[in-house]
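In what follows, subunit A forms one complex with subunit B and a second complex with subunit C.
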Partner chain A sequence: MQMTLFQQGNSIFHRFDPRAKILLLLFFLVYIFLPFGLIVHGTVLLLLIIASAVSTDWRDMFSPIIAIWPILILIALLTPPFYREDPIGITIELLLRFTSISYLFTLFFKTTEMSMIILTLRWFRLPYNAALVITMALRFIPYLGGVYHQIQDAHKLRMGSAEKINRFYQKIRSLIPVLTSVMIYAIKTIPELSMSLEHRGFGIPRKTSRLRVYKSLKNGHKLFTHMGISVIIAVIFILTPSIFN
Partner chain B sequence: MFSSRQNGYNLLLFELYMEHIAAINNLTFKYHSYTSKQSANIFSDTSFLLEKGVIQILYGRPESGKTTLCRLLAGLIPMYQGGTLSGDITLGEIQIREQHAFQLLSKIGIVFQDPEEQLFMPVCEDEILFPLEHLELSHEEIGSRLEQVIDFYDLQQYRTSNPANLSGGEKKRLLMAVLDAVDPELWVLDETFEELDINWREKILRSLKERGKSVLILASKDIDLYETYGDRFGVIIKRDSGNHIEFSGREHAIEVLGDTLPSIELSEVLYAHERALCNMTGLQFTYKHSNHDFLISIDALTLYDQEVLALYGPNGSGKSTLCKILCGLISPNEGKISIRDGEKMRVASENDLLRHTGYLFQNPDFQIFLPTIGDELKLGLTRMGIQSSEADQRIREATDLFDLGDVEQPPAIMSYGKRKRLQAAVYYLLERKVCILDETDSGISLDDYAKILELLKGRVDAVILITHDMRLAEACSHRIIEMKDGEIQKERRLCR
Partner chain C sequence: MEERTPNVKRQISPAFKVSSVAILTAITAVFTLVVRIPIAPTRGYINLGDVAIYFTAFTLGPITAMIAGALGTGLADIIGGYPQWSIISFFIHGIQGFAVGAVMRGAIGLTEQQTKLSRVRILIAGLLGTSIMVLLYYLAGAAMSGFGPALAEIPGNIIQNVVGVVGGLLLTRAIYRAYPPVRDFYW
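What follows is the complex of A and B.
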């Protein structure tokens, strides 16, 4: 099972300090929701697609769109009836925003190791329990994705064929048994996870030592430079819309 | 067999002469019932002591309550899985049932039978650090323990890997590293050695022995090394009123366990081209294994009609991946697989392979997903277009043969061994040409394994079994192929 989005690499995005990267991620999340118009949002998406292509395998360049296309279709179909003024423009803007968010997170997770994300969250003084919840989510969401594929394989083996299903409703129907199995597996995991956590010391009322925060991420010079670069990028993006307007 | 009074007397005598680490007194336990039937006692009025500084092996047949005992000792049951408990479990002065599991962190540590249930961090290094960070240790001490176990368990290359990406044996090694880093007073190992290869079994057991650790190993079958490294031997004796535990020596334990190497009747195999069933040539497949690329490269491998072929090799040598290629779950980057079609061999497509080969996953939980045993068994038959009455009859036959009991039972609450039998029963009914048993021997008794193998062998044309037990491979197969680093290292035909 391959259960992480992270892809090894040596791109600028891989080498960028995760603390600066997480701040840039937050900045762009807010930026995408600001009303800058189609040209700005289109430009942001284009830049994210280019960043995605140069940071990892260019053949995966459109994988975020492939992953969310059913939602994009739903947005495209359901948005226009709710707006009287410029329904097409609003729909395109929503599509651009939604796609940009997907690219943003994909780029972040593809170029940042999970362990570094957790260290970063701890560096930002996120409370221990909150960091643990995020850690678990980062571990178990892709894990359940892996379980989904294992169970899909088990279904294929049991059925004796990998069916090619073309119709949309048949595809949805074929997902139900696999998703049900994954859900049962996930529910079964809850008491086991609780047992395992408590057995490893979770719940002890005293303060925990945090070795890795102290051991890693000490490169202050790199952090300072990358934070500076992040601020410059943020300023450029804040000023850019005024050029178009 | 002792009455509870005699047991108490024996315990008293034992206490006089031996220094013990844990005492279990008049333990009676049963789970809550999930059906209308009253649940039976798992243990009834059983008492025993666990000695300090020795390796104790406790044998028990599948479904005898080994995992339940481990979790009772660690204070996880009845807290998390419910049940009615009476009697005392004490660790020194501590009454286990009065403690939270986290209060026992430095007292008792377990490695669960199924590693999937115990791993929860996104990287291996954090998995080891998690309990250490809860022990109030200095950073130097945490760092030093981390490096020591990473080094001993050879996990350097997996430090930043996701534990879920490791092979079964590597996961067990990681869990042993976690336990070793904490170094509790009592180590409880629930069938931990079954998925480990022979070198790791020996290395870990030798280290535990040399360091004088107090260890309780639960085992459903005997391995040679237990005799060498074990100091005390006990057995769980099955009784209708509730199981009983006795530490009465190795011979008695093995006799009660009744688990000897199976004698499988193997038919004669003709190693001739016209008897080839499946042929792999020039197979190449690269995949990302943790942080490095792993290459499977098989120049040529043929499986013959009526053959039982054993794949043997260390953890992470590519055995399971090769089998996934063979059953059509993975497409190789290069090479082809041909299967017999009447008189001729033809190149097989992915769908051909899926219909040709059955594959019993290492972890049965990924293969069992329906609400009842009956539903599990019926799914494939319905797909094959078999009439309902005929299907019911076949299901009855399979439940009898594989000793599955009531077809209305939910697999989710069945024991590990029974889930493995159900997994085998599913493929028994599917009538594939080839069946692959991926470490099916782990967590079940040898005679149960032999029974599964016999039944499947009689149903399919050839069987491939993956095992870490060379004695088992020698007893059950015609040919042994040893794999290492994704390649075939050695091939040995056995005289039959």
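What follows is the complex of A and C.
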């Protein structure tokens, strides 16, 4: 099971500080919804496509569109009947908006490691327990995914060739014992996991060690620079629409 | 197993709470990612994430269902290649899990006889969970992609929730029988 969208790379987006990157993500998320007109939103999408091409393999440049093409067709077909004034313009605006949101998130997750995202959220004061839950869940997702496939294979073997499942409802029905087995397997790990946590000192009021940290002194200037760049980018994008209007 | 008596407040350790939320988050993500039935036109597929959310709400309570539903579906969207839906899924499934768990709170009995889930509460919980998910996804979808595609998403979301309620209930009953200590996991 592929656990993340992250792709290794050395682009400017990979090297950009995740704390500044997350703020830029939020800025653009709001910006995309603001009524700046088709030219501005089209430019934003074009820049995001270019950024996507620069950040990872250029052949993956259109992968977000490939993932969302059914909804783009639906937007194109179903939006015009809902609007009497300028249906084409609104349809294009919605197409640009949805595609931009998809590119924005894909770009962020393709260029930011999951561990760095959790570290960044901790830096933004995410509680320790919440970060621990996310980290443990990420550890257990591939493991339980593997367990699911093992149990599914075991059930298939038990059914034999004469009872091979072909029909849709039979496939759905055959899922119930598999899901039950996986759930019991997962539930049974809870007491063991909690005991492991307690043995490792969870709940004891003392400072815990960290594998990865933001070194404030070493990376202080980097964070300052990247935050500054983010603010400049935000200001440029806020001022740009007034040029077109 | 020691039989618990109703209305006795049990002490659940913080480690147990963290572990149960983490495991149910992982299970929600696995159920969302692994089983995909291509029906809903806009999201591309319906999944069994709701089965895990309803099971969690029925078995482990509203807080676990809220966090596991929110994080599990959010992470599944990120891992599964639909990161644009992750924030929306996070909030909607979190609210859905909490609401279903809150309705079911107290309906989960403690002895074998009492564990038979109240049909009325299940109906209310299912309707509430479905309404919350369908309505909030419609509003979020309308903001992101317009009213047309958001309307087209409604049947898929209803099917997904019906499957979630029925599947969650079947799973809860099967697990109560197969692994009785799960009754002590509610908090």
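Quick note on the criterion: the second predicted complex is superposed on the first by the 152 of 245 C-alpha atoms of A that agree within 3 Å, B and C clash if a C-alpha of one lies under 4 Å from a C-alpha of the other, contacts with A are read in each partner's own complex, and residues count from 1 in each chain.
Here is the rule we go by: a contact is a pair of C-beta atoms (placed from the backbone, for glycine too) under 8 Å apart; a residue touches a chain by one contact, two chains touch by 3 or more.
These numbers come from a predicted model, not from an experiment.
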{"item": "Touching partner for A:I204 - first (subunit B), second (subunit C), both, neither", "value": "first"}
{"item": "Contacts of A:I184 with subunit B and subunit C, given as first, second, both or neither", "value": "both"}
{"item": "Subunit B versus subunit C as contact partner of A:E113, first or second or both or neither", "value": "first"}
{"item": "Which of subunit B and subunit C A:Y148 touches, first, second, both or neither", "value": "second"}
{"item": "Touching partner for A:L78 - first (subunit B), second (subunit C), both, neither", "value": "second"}
{"item": "First, second, both or neither for A:L157, with subunit B first and subunit C second", "value": "first"}
{"item": "Partner chain in contact with A:Q8 - subunit B first, subunit C second, else both or neither", "value": "first"}
{"item": "Touched partner set for A:F105, first subunit B, second subunit C, both or neither", "value": "second"}
{"item": "Touching partner for A:I88 - first (subunit B), second (subunit C), both, neither", "value": "neither"}
{"item": "Overlap of the subunit B and subunit C footprints on subunit A, listed as residue numbers", "value": "1-4, 136, 138-140, 143, 180, 184, 188-189, 191, 193-195, 197-198, 202-203"}
{"item": "Residues of subunit A that touch subunit C when the two form their complex", "value": "1-5, 33, 67-68, 70-71, 74-75, 77-79, 81-82, 90-91, 94, 97-98, 101-102, 104-106, 108-109, 129, 132-134, 136-141, 143-145, 148-149, 175-176, 179-180, 182-184, 186-191, 193-195, 197-198, 202-203"}
{"item": "In the complex, subunit B residues that touch subunit A", "value": "71, 74, 76, 80-81, 100-105, 109-110, 112, 117-123, 125-126, 129-139, 142-143, 146, 160, 162, 164-165, 178, 287-288, 291, 324, 327-329, 350-351, 354-355, 358-359, 361, 365-367, 369-370, 379-380, 383, 412, 426, 430"}
{"item": "Interface residues, subunit A side, partner subunit B - complex", "value": "1-4, 8, 113-115, 118, 135-136, 138-140, 142-143, 146-147, 150-151, 153-162, 177, 180-181, 184-185, 188-189, 191-204, 206, 208-212, 214-215"}
{"item": "Contact footprint of subunit A on subunit C as seen in their complex", "value": "13-16, 18-27, 29-31, 33-35, 41-44, 48, 51-52, 55, 67, 71-72, 75, 78-79, 81-84, 86, 143-149, 151-152, 167, 170-171, 174-175, 178-179, 182, 185"}
